[in-house]
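One chain, chain A, links the two complexes that follow: it is found with chain B in the first and with chain C in the second.
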Partner chain A sequence: MSDDYQPQSAVAKWIDKRLPIVTLFSGHLMQFPTPKNLNYWWTFGGILTFCLITQIITGLVLAMHYIADANLAFASVEHIMRDVNYGWLLRYIHATGASMFFIAVYLHMARSLFYGSYKEPRELIWIIGVFIFLLMVATAFMGYVLPWGQMSFWGATVITNLFSAVPFFGEAITNWLWGDYSVSGALLTRFFTLHYLMPFLIFGLVILHIWALHVPGNNNPEGIDVVKGQDTVPFHPHYVVKDVLALVVFMIIFAGFVFFSPNILGHSDNYIQANPLQTPEHIVPEWYFLPFYAILRAIPDKLGGVIAMVSAIAILAFIPWLDSSKVRSCKYRPLYRQFYWILIIDFIVLGYLGAQPATGIYLILGRLATLYYFLHFILVMPLIGYIEKPKPLPKSISEPVLSKEEQLAKSGQMA
Partner chain B sequence: MDTKKDIDAADAKVTRRDFLYLTTGSFTAVGAGALAWPFISQMNPDASVKALASTEVDLSPIMPGQSITILWRGKPVFVRRRTEEEIAEAQAVEQIDLPDPETDETRVQKPEWLVMVGVCTHLGCIPLGNKGEYNGWFCPCHGSHYDTSGRIRKGPAPKNLEIPNYVFLNDNTIKIG
Partner chain C sequence: MLKIKNIFLSLLLSIFTSFAFAAGEMHEPMHPDWSFQGPLGKFERAELQRGYQVYTEVCSSCHSMDLLSYRNLIQEGGPEFSEKQVKAMAAMFEVEAGPDADGEMFMRPAILSDKFVSPWKNEQEGRISNGGAYPPDLSVMVKARPGGADYLYSLLLGYEDETPEGITLDDGVYYNIYAKNQKIAMPQVIYEDGVEYTDGTAATEVQMARDVTAFLAWSAEPKLEERKRIGFKVIIYLIILSFLLYFTNKRIWKDTSH
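Take a look at the complex of A and B:
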């Protein structure tokens, strides 16, 4: 493009010839041609980057005060809350930030599913995304263990015991994970180390995610290929401004949780110090794990439950090949769109059931919801591609907008 | 529309957009500063440290010519009950000779009791008592000599030994900090 970055000063030219970093950032964050019809569902990429950086910075600061020791961890978290200057704020940002991160990532994934952003040629972006999600799950779980409260301890016990379902080697694997014969300080220190490491692995994957995205460019609400130049606008200022506006709204909600109800998304039992001799009456994971927790409990078999739960995430990686339709956007898929919303409701229902006791009607509903979750991907997605007659696709991304304006002009004349 | 255009033309120097830029920029700068402050402030001494920032010392067991060292804010504090000769020696010094001129009177509340932070003002080592050419303290690290009032007399240290804030709670007890 003609307005590519051209170094002006002698120093800038000298640097750019040896390390074209400004050219790189300018090309990918300023000039990058972006479809001009992206809606606000496309702002979650920027929001998620903000979430990751917020978690890394607040986490770094918390690690300056936290002590990863079974006898001292709980007290050190209270020390952060009571003694450290603004420690309460930093911890609440970090804890709430985890929830906000998952809200954003679920919406980001729902966007990709609706508009078919996982389809050719963007399969690898999606698969990298699934791995990022998997790392987020692991990081969030390990972070929740660090305060060493009752929920931390028993959450760690339940989740690490999942590995005991492995035939023959189960006990050896759990003992290896624990570094002990039960959950103890040895697990706490290794979880702290890994919790510190994983965000940087996520950061690396995010770079690959964006790199892979910038090869074909963004998908768009119409789901059709765009013509560069005619259908695109430079990322800056158009989408920088749009992303920032969405980010500010997101930050207002974030701040609302941090300042007015920082504990609403957590569990009060985690303010009781870990006690290896007493399990809390009702164990629930953090809200963002509830759908997967419901799937785990729906299967009346130890190994089966674990396999189902892991599969629930793993199956996402295969979606690009499970979906047989050539049409990307659900806007033009009248039949699949219905099932898309059923899947979304199913996932929310699973989340609700995960928080309920696994008995009676809840268990039956949990099994039905789990069944649909898997059927959606294994059966519905491949079949509908053959059955469905998609609506005619527009010739360009401008067409739906222009025809809408024309219609408006006509109705205006009539009125 | 025409009147609006006229107004815009008249105020062409300051536009609505300039105002928006300035207000947005200012709010962003103030917001960023407010957000950055907790991240900076969290490294300052916290409430648990501040709660331990003062120390009481019982003076009754200290005989003339003896000194004790106590820990205050992680640093040694020398409390010395000086003899008559030491006081006389400290008071007799000509101010003009000193690198950091201070009279002995300004350095003590009661001449008998000398209370000072036992950290050499050169590079932070702890000076040794009853040593040096001036019968006071001597720093083994780089050879600074302090007199019986803790004033620097010879060597690389630039300042006299620091006097902490302290009060006599009664004749036999002081509170430092």
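Take a look at the complex of A and C:
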């Protein structure tokens, strides 16, 4: 891909001879041959990179003013909001940014699921993605604890208590985690350290993710292999500009939240300082955790609930082998496509149920939706590959394009 | 182990049962028009200034506002009192300072950089003076309740002379339509002519509740005006940029069939 590239300026040549970093970037970010038929669902990779960098930069500056101490944390966040220059902006970008990050990652995963981007030869890209998602979950959870409001404290209490479900060692593990006999300042300082660290681990995984991606190259909406040259365009400027366009539209929505309703995605209880003696009326996690929260509560047993919740993410790592179909894109999978949408609806229903009380009809629905979630992966995915008769695949990605034009030309002749 | 389990179970229980409470036992608050609503909303200086007066003369005997300093009253986007006014207002409060050269603490009048003086030395003193209920700090109160300003305003006006039948009130608990379970440990504090406004506005109950709520909305979100002003520019800029990119993108892809 980059064999034909030669650095132009003398400085670039000098550097590149000693450290071929210019060639590396040029190869991967400029000339990289990219299928020409990618749609806007492919722009979320770039958007996610933007989100990560935004979180890191705003987070670094927040960390300069934030104080990880049970007595001071809440006031230090308010100090950021009131006295630090543009501190309110930094904090609102960081807090809203976490939500935007999850919106983007969910769409990115849904895209991969629809177009079969997890299948051979891209299994590792997908699996690294699952790990990135796991780390994001952990990072966002710990970040939410830092302002040390009521929801921070009680959310941390509920979730860290889950570890006590571990047989035999449960209590020891929880106490070790807390560094105390309950959630306290000791937990806050270690969560801050980890919250600081993890985004950089994510960053490392993102590099592996892209590295792995650049071996086979992008999948595409047709889900078939591309012929280099005929079916591809250089990444720059075609996809650089398209990605930036999508990013700017994304930023408009992002800015809408940051500047005009910065608190709508959070919970008002988190503006009350943590109080270990007063349990809030209801403890709800951030919206992006709700589907998994619903799965946790669907199981009547605590340990079982934890296992189900962890499995709900872990199972994703196995779908390259659970899906028995050779066809990648759902465009050509008439039967599986239906189940794809049922899964998406199921996940949204789980999210809704995660915010409801786990009683009566909600509990029953939650259990059914949880059951279906797992059935989709362990039953529907393997089976449909055998039953389904996929639609005929185009010979190359240029073909459907050409034939569309040919059709146009033909209809022109006929008129 | 058992203790943790119990805490955990009672926690889960509280999650599960809470929604029923929240839904059934709160009343939808009133929705007056606020000048600071909407994408272009701003605070009204006079309203905030009157609100500060209500806070100081009525609420501050029970509620602290720890996150505010007197200097905040001068800042742009707030009540925007003059520096001279605020210096005089601060000087009406006393704060402990020191130690002096002899190692003694002493009292001095508050200055601009001091935090709002709290009515209580500590939470215990606040509780014992209010029949066990601690009057919470009001600095971010508007953001700390689901209904925000609407809820606070309604709560202040939600007291009725007659307690409906079937509701029994403990000592020091009052009937309020908008409070949770219609019960609150704060007495009615807003009464007609409870303050004499320096700007001559008639101090009706509605007026006072409005003014003090607006003041608390500002104290919870002191950068609201700046935020909306910048946000407006940012969004316009991004929209223009997205148009430019749209056409650039079109141009770049012109010759590629896809």
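Just so we're on the same page, the second predicted complex is superposed on the first by the 401 of 415 C-alpha atoms of A that agree within 3 Å, B and C clash if a C-alpha of one lies under 4 Å from a C-alpha of the other, contacts with A are read in each partner's own complex, and residues count from 1 in each chain.
Rule of thumb we're sticking to: a contact is a pair of C-beta atoms (placed from the backbone, for glycine too) under 8 Å apart; a residue touches a chain by one contact, two chains touch by 3 or more.
From a predicted model like this one, the values you see are computed outputs, not experimental measurements.
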Open item on the list: Per the contact definition in the header, classify A:Val233: touching chain B only (first), chain C only (second), both, or neither.
Closed with: second
TODO: Would you check which partner chain A:Arg18 touches, where first means chain B only, second means chain C only, and both and neither mean what they say?
DONE: neither
Open item on the list: With both complexes overlaid on chain A, does A:Lys395 touch chain B (first), chain C (second), both or neither?
Closed with: neither
Open item on the list: Quick check for you: in the superposed arrangement, does A:Leu90 touch first (chain B), second (chain C), both or neither?
Closed with: first
- [ ] In the overlay, answer first, second, both or neither for which of chain B and chain C A:Arg82 touches.
- [x] both
TODO: Determine, for the superposed model, which of the two partners chain B and chain C contacts more residues of chain A.
DONE: C
Open item on the list: One more residue to check, A:Asp269. First (chain B), second (chain C), both or neither?
Closed with: second
Open item on the list: So in the superposed three-chain picture, is A:Ser164 touching just chain B, just chain C, both, or none of them (first/second/both/neither)?
Closed with: second
Task: Common interface positions of chain A, toward chain B and toward chain C - done: 82, 89
Open item on the list: Help me check something: in the complex, which residues belonging to chain A touch chain C?
Closed with: 36-37, 75, 78, 81-82, 88-89, 92, 154, 157-158, 161, 164, 170-171, 174, 233, 237-238, 241-242, 244-245, 248-249, 251-252, 255-256, 258-260, 262-263, 268-269, 271-272, 279-284, 297, 302, 356-359, 398, 401-402, 405
TODO: Quick one: which bits of chain A touch chain B in the complex? Just the residue numbers, please.
DONE: 57, 61, 64-65, 79, 82-87, 89-90
Open item on the list: So in the complex, the part of chain C that touches chain A is made up of which residues?
Closed with: 1, 4-5, 7-8, 10-12, 14-22, 39, 66-67, 72, 136, 139-140, 143-146, 148, 220, 222-223, 226-228, 230-232, 234-235, 238-239, 241-242, 245-246, 248-249, 252-253, 256-258
Task: Of all residues in chain B, those that touch chain A in their complex - done: 37-39, 41-44, 46-49
